[in-house]
Amino acid sequence: MKLMKSAALAAAFGFVAMGASAETLKIGFIDPLSGPFGPSGDAAMKHWMYAAEQVNKAGGINGAEVEIIAYDNKVNPKESLIQFQKAIDRGVRIIAQGNGSSVASALIDAVDKHNKRNPGDEVIYLNFAAVDPSFTNDRCSFYHFRFDSHAEMKMNAVTDWIAARPEIKKVYVIGQDYSFGQANAKAADAMIKAKRPDIEIVGNELHPMGKVKDFTPYIQKIMQAEADAVITGNWGADMVLLIKAAIASGHEVPYLTFYGGSLGAATAIGKDGVGQLYQISEVNTNLETTPEQNALIDGYEAAYHDSYYYHRVFNAMTMLDEAAEKAGTNNVVEIAKQLEGATLDTGYGTITMRAEDHQILQPLFMSVFSDNVTRGVEGLPLGWTSGDADRIEADATAMPTSCKMERPE
Amino acid sequence: MTTPALSIHGLKKNFGPAEIIRGVDLDIAPGERHAIIGPNGAGKSTLFNLISGGYHPTSGSVKLNGQEIGGVKPYAINRMGLSRSFQVSNIFSNMTVRENVRCGVLYSMGYGYSFWRNVGNLKEVQEKTAEILNSVGLLDKASLPAALLPYADQRTLEIAITIAGGADVILLDEPTAGMSHSETERAVALIKRATEGKTLIIVEHDMGVVFGMADRISVLVYGEIIATGKPEEIRGDPRVREAYLGDEADEHAEGGAA
Amino acid sequence: MNNPIAQSVANLAPTGGQKFRQRVLPLIILAIIVVAIPFFGPSRTVYALLSVMGINIVFALSYNMLLGRGGLLSFGHAVYFGLGGYAAMHAMRAIEYADGGFWAGFPVFGLPIIGFAGGALAGAIIGWPSCRRAGTPFAMISLGVAELIAAAGFMFNSIFGGEEGISGDRMNGPELFGLSMGPVSDVYWFIAFWLVVGVGGMYAFTRTPLGKMSEATRDNPERVEFVGYDPQRVRYLVFIFAGAFAGMAGGMAAVYFEIFTPEAVSLLPSGFVLLMAYIGGIAYFAGPVIGAIVLTYMQSMLSDFTEAWLLYLGLLFMLIVMYAPRGLAGIIFGVTGSFSNGTFSEMIGKWLQQLAGAFLAFLGLIVLIEVSVNWSNGFGEVFEPFGLHLTFANPLTWVLIVVPLALGILILRRANRETEEVLA
Amino acid sequence: METIIFSLLNGVIYGLLLFMLSSGLTLIFSMMGVLNFAHASFYMLGAYFAYTISGVSSFWLALIFAPILVGLIGAAVEKWGLRTVHANGHVAELLFTFGLAYIIDEIVKIVYGRNAVDYRVPELLDFPLFELFGAQYPAYRIFILFISVGMLIALWFILNRTRAGLIIQAALTHPHMVGSLGHNVPRIFMTVFGAGCALAGLAGVIGGNYLVTDPAMAVQMGPIVFVVVVVGGLGSLAGAFLAAMILGLLQTFAVAIDATFADIFGFLGLSQTSEVGSITIASLAPMLPFLMLVIVLMIRPRGLLGDREL
């Protein structure tokens, strides 16, 4: 926060464009910091700041100190574009954003247009959470790198997990009625039919986003359909209320979520969700890993009194560091060239930034909410755990891409 | 006989079970000055609202120059040539006096809802406004906000807005209510001058005003007209005296709640 | 003018000089400021802020056609901004993919006209049921309609483009005035042009018969009926114009941002435009202009200093509603007005007192809010102005909260009491 | 069959919760003409206070004291805030509450954090009461039912059997008359506003753990409350009750319908694959209240049982 404020003061009162300086490498973090989505952005910002601290302790990137400058975009695409202009003025040439595909879409567009209209002064965009598949398919861009598995890859992993469990015979899909939920619904249907034609999809429901207060009627429908597992891409209150309603109705089947581990969900759902709430993600803090990784988690949680969640932020920072060192310069186009196809050995396996579409390939884990964990989340004795069978290898998550990348000379 | 300016037949108005107007018949000739008197609660204001479009009649008919206007919207009736004033000053208090009168002029001059003209440049509107302001004696106060006018001037402005549209049937609802004696005299002179050649229907409590101005008088009691006639006929009518005086005594007892 | 009476009333109306000073001069000053700014070599941030301010000024003024001039409180004005913007956005794509025909010859510079038409059309359709009533029913209908349109925004992907909206490229079609529309400075001229057109157009509207009757309908709908106007029709027409100018602002936004998302038709921007207009002052034509400038700055810059900017915004709004219902414009015109009528020297003492009181109270409040926010975040940071180390455990914090707050409120009360005594 | 019974039960409970939340606003709105935008914020405060109180003592104490606390805050807001702007008319009052909602939201975020808090159903009620067609029915829902009905009876008793209630009833139908009866109008307003807020607070206490207690709960509930009040009609608690029930049932039943527009309007040639045709009734369920709001205001501005127009 301090970093952000002092810098912001300079910008607001100076009102002048500042060039990029040699001593610092500025990363413009553009995410919600106030309003209803403030918590998500805030948590991500803490991860970025801790990641920057770690890199700086090790001497920075090519000797330059990494500075995270946070911009509050209120999850509003238009506001994000204003903050983007502010960031460029401040000498930021690397932006990071995650929350909200609408914002990501606007930023990809804006970055592309900026780079086209200002050759020699390019900006690259590290996307750590916006999962619309199109960003690394038909809308792919040389300047955009995604460090999270996109929605279809996650759905692919979820359906792989289901396919490996013969006891699951009937699946229900429920999601929010907007582009993301609609895409999920289609993908789930197609993938399950392809992998396990014997599984019956007993329901594929879309409900309006953020409007349903009582999910019990939906749960009754799911129960009457006698589903053995439920897949949902819901996030925020829609996810929490759905799970709570399922618990209250005693519907004890796996609820396979994309965002069950998001901030605040564990607290809101509580111990009743144990054994029933699943999430697909690139990490859970109870996985077996290296001592370094454990030290990182401990260090982060001690420094920020917050749960370690955005593992991919550390992946992004480390890959950025390595790419820049390899390029021998902090010029972002050179960094981007080195990021293409880069690999990194993490505490959970090797990850690759696929060159053809700038999509990360990383192992995914289907974790279950449990009360028998060494590391809890949100200060609770509850956390996420998974067995060996719940690991989906990085290669298995790969999906074909329709990307036709245009690269600069 | 020529078509009456205003012709009312079998007019009734109920509010739920309460019959407020219980069958009114009245013909008023063009150019006549007609006064309606009656005790409080007789239905005078209701009758005005029925004529001017404020209320929908339960039954019966109201004809303006031979055309049915019962249940027609007030603005439509106004456009057909009937205009009214209100018992309580009903002016545009955030506007200047000049703007107030101009509001009354605009529609009749054919500028209706136009949004492609600057009101400041409409010469004939300015002239008409000035003429009306002059005729009611408010010319020197034209730039004052209407809310700052003294009470009597607000009443005058009320009349000015009413006559501004050039309607030939004018309804005035207690135009001198609350005025001092000298103010009343001036108001009466103004009304006489301003409604020259027009049909005037006036509700008034001040008997001096009524008998000094009206060609004919109707007495409305409990929703019915009990007598219509020349002032001297009404003055001598025993039914009127009975109904009126009896009720006026009650009115004093009640403390005059309107 | 051969009529002497008309001549005398014409004398009562504002003179040519007054008219020029009050009506034309502010517009010319606006145009000069707008033209002068680029010569100071503004940064991208300044260009971005100014452009958004320009858009918001037109948007807030269009809102004030309803609230300030028409007395209609709407909770769904962003619907027209959004629909106009979407219309312009679709047109921009049509220009991009045009293959001859009408759109191939349409300059991107003219897209606000499409927005204007789109907003007017939306206003004409939605206004028909909405404008039958004024007051609270109108406000509630606008809220319901806004909710419905916001939900539709996420359902009809072919129109709204789903969550990610639709985007386009403004660097297509024929160029106008030699502007490629690529760099922010080119877009600045575009925004400036339409800002002057919009402000001028909406000012002119207040001078038309319809504009005047809209004010009359706000003040006294009953009387309006009895001078030949249908108040519903007046409201409806005003509503269409308000929608049209909001749509024009949407068209400006479409060109500036090159993207429109369903969030643009949601309740949030509808609430924000209400704040802009009201904080600026709805009783003055210039009020929403001031409000748009101040709030745009707050929205995009204040969030750099504090994440509690929404709280400050809320507090500012409450203070305006409670103690300065004529808004910031009311305060400004109160002060400038006192120069012309010579009461400035009497009032200045009181104002300085009020200013000092407000400043002190505000100081205490800032310390309270900032320390609270940092305490709430709880990750080791504390509020550190001027090297002070303030936490709730630090007694100095409480001194810095309570003393200025109490002192400020005391001064404010004293100043107000004095005025009451003077008035009495 | 199962669907119908479940939808009925859930609809009634949701409707009762809505009624509890909106009855206070009906009182406030009918008497003072203030359409309180912050009403749902008081509901949120109720939930958060209950969370705090049940944390240090028990849920049962929270059930009593949280609404009282919310009511006191409401009364204070009326006395030191709303009354100041009263002279500037209803629009100013509406805007005041609009700003108040903003501020309460932000303060709650600072004090309680921006994520959900762990406010849960008390142990005593945390068990499945009975099983219906294979699905468990939680006891807490029946508890909500009892509390709401209890409140309904208490409200009815106060309004019809006490002097204060009779004054309030008179004021509901004839807001301008109260002053002439010689009653202290500001005090009545303050009491009603406080009581209305307390009712919202009570809804928060029992709704907060049934749903989720987070800073977004006010924003989510806010507009629905207006719908209940407006559709129910001015001055009519019975109307509000009816509207809440209709909304509760409508929403739960619509969810259970799988039909799409194409199924219904197929005879018009609407195809299943078209954008409009593929919309299901279920996905429209949460939009129904707003559709109802707009339609009622257009064709019947006095609401279902209101005695006068808005």
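Should a chain be cited, it is by its letter among A, B, C and D, assigned in written order, with residues numbered from 1 in that chain.
Keep this in mind: a contact is a pair of C-beta atoms (placed from the backbone, for glycine too) under 8 Å apart; a residue touches a chain by one contact, two chains touch by 3 or more.
Remember, predicted model here, so these are calculated numbers, not experimental data.
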Request  = Supply the minimal count of touching-chain steps required to go from subunit C to subunit D.
outcome  = 1
Query = For which chain is the distance between its Cα centroid and the global protein Cα centroid smallest?
reply = C
Centre-to-centre distance between subunit C and subunit B (centres being mean Cα positions), rounded to whole Å = 43
Note = Taking each chain's mean CA coordinate, subunit A and subunit C are separated, in whole Å, by 36
Query = Hey, how far is the Cα centre of subunit A from the one of subunit B, in Å?
reply = 74
Remark   = Multi-chain contacts in subunit B, i.e. residues touching at least two other chains, fall at none
Request  = Note the residues in subunit C that touch 2 or more other chains, in rising order.
outcome  = 151, 155, 157, 308, 310
Note = Expected list for subunit D, residues touching two or more other chains, is 109, 283, 286-287
Note = Chain-chain contacts, ordered by label, are A-C, A-D, B-C, C-D
Ask   = Tell me, which parts of subunit B touch subunit C in their complex?
value = 52-53, 73-75, 78-79, 83-84, 86, 90-95, 98-99, 102-104, 106-108, 111-120, 122-123, 126-127, 129-131, 133-134, 139, 142-143, 161-162, 164-165
Remark   = Residue positions on subunit D within touch of subunit A in the complex are 2-3, 6-7, 10, 14, 109, 114-118, 120, 128, 133-138, 140-141, 211-216, 219-221, 224, 251-252, 255-256, 280, 282-287
Residues of subunit A that touch subunit C when the two form their complex = 1-2, 4-5, 8-9, 11-12, 15-17, 33-35, 38, 42, 46, 71-72, 74-79, 81-83, 85-86, 88-89, 101-102, 104-106, 109-110, 113, 117, 132, 177-180, 182, 208-209, 211, 303-306
Ask   = Which part of subunit C faces subunit B closely enough to touch in the complex?
value = 1, 3, 5-6, 8-10, 12-13, 19, 204-205, 207-213, 215-216, 219-220, 222-230, 233-234, 237, 241
Query = What part of subunit C is in contact with subunit A in the complex they form?
reply = 42-49, 52, 151, 154-155, 157, 162-165, 167, 169, 171, 182-184, 253, 257-259, 261, 263-264, 268, 299-301, 303-305, 307-310, 374, 377-381, 384
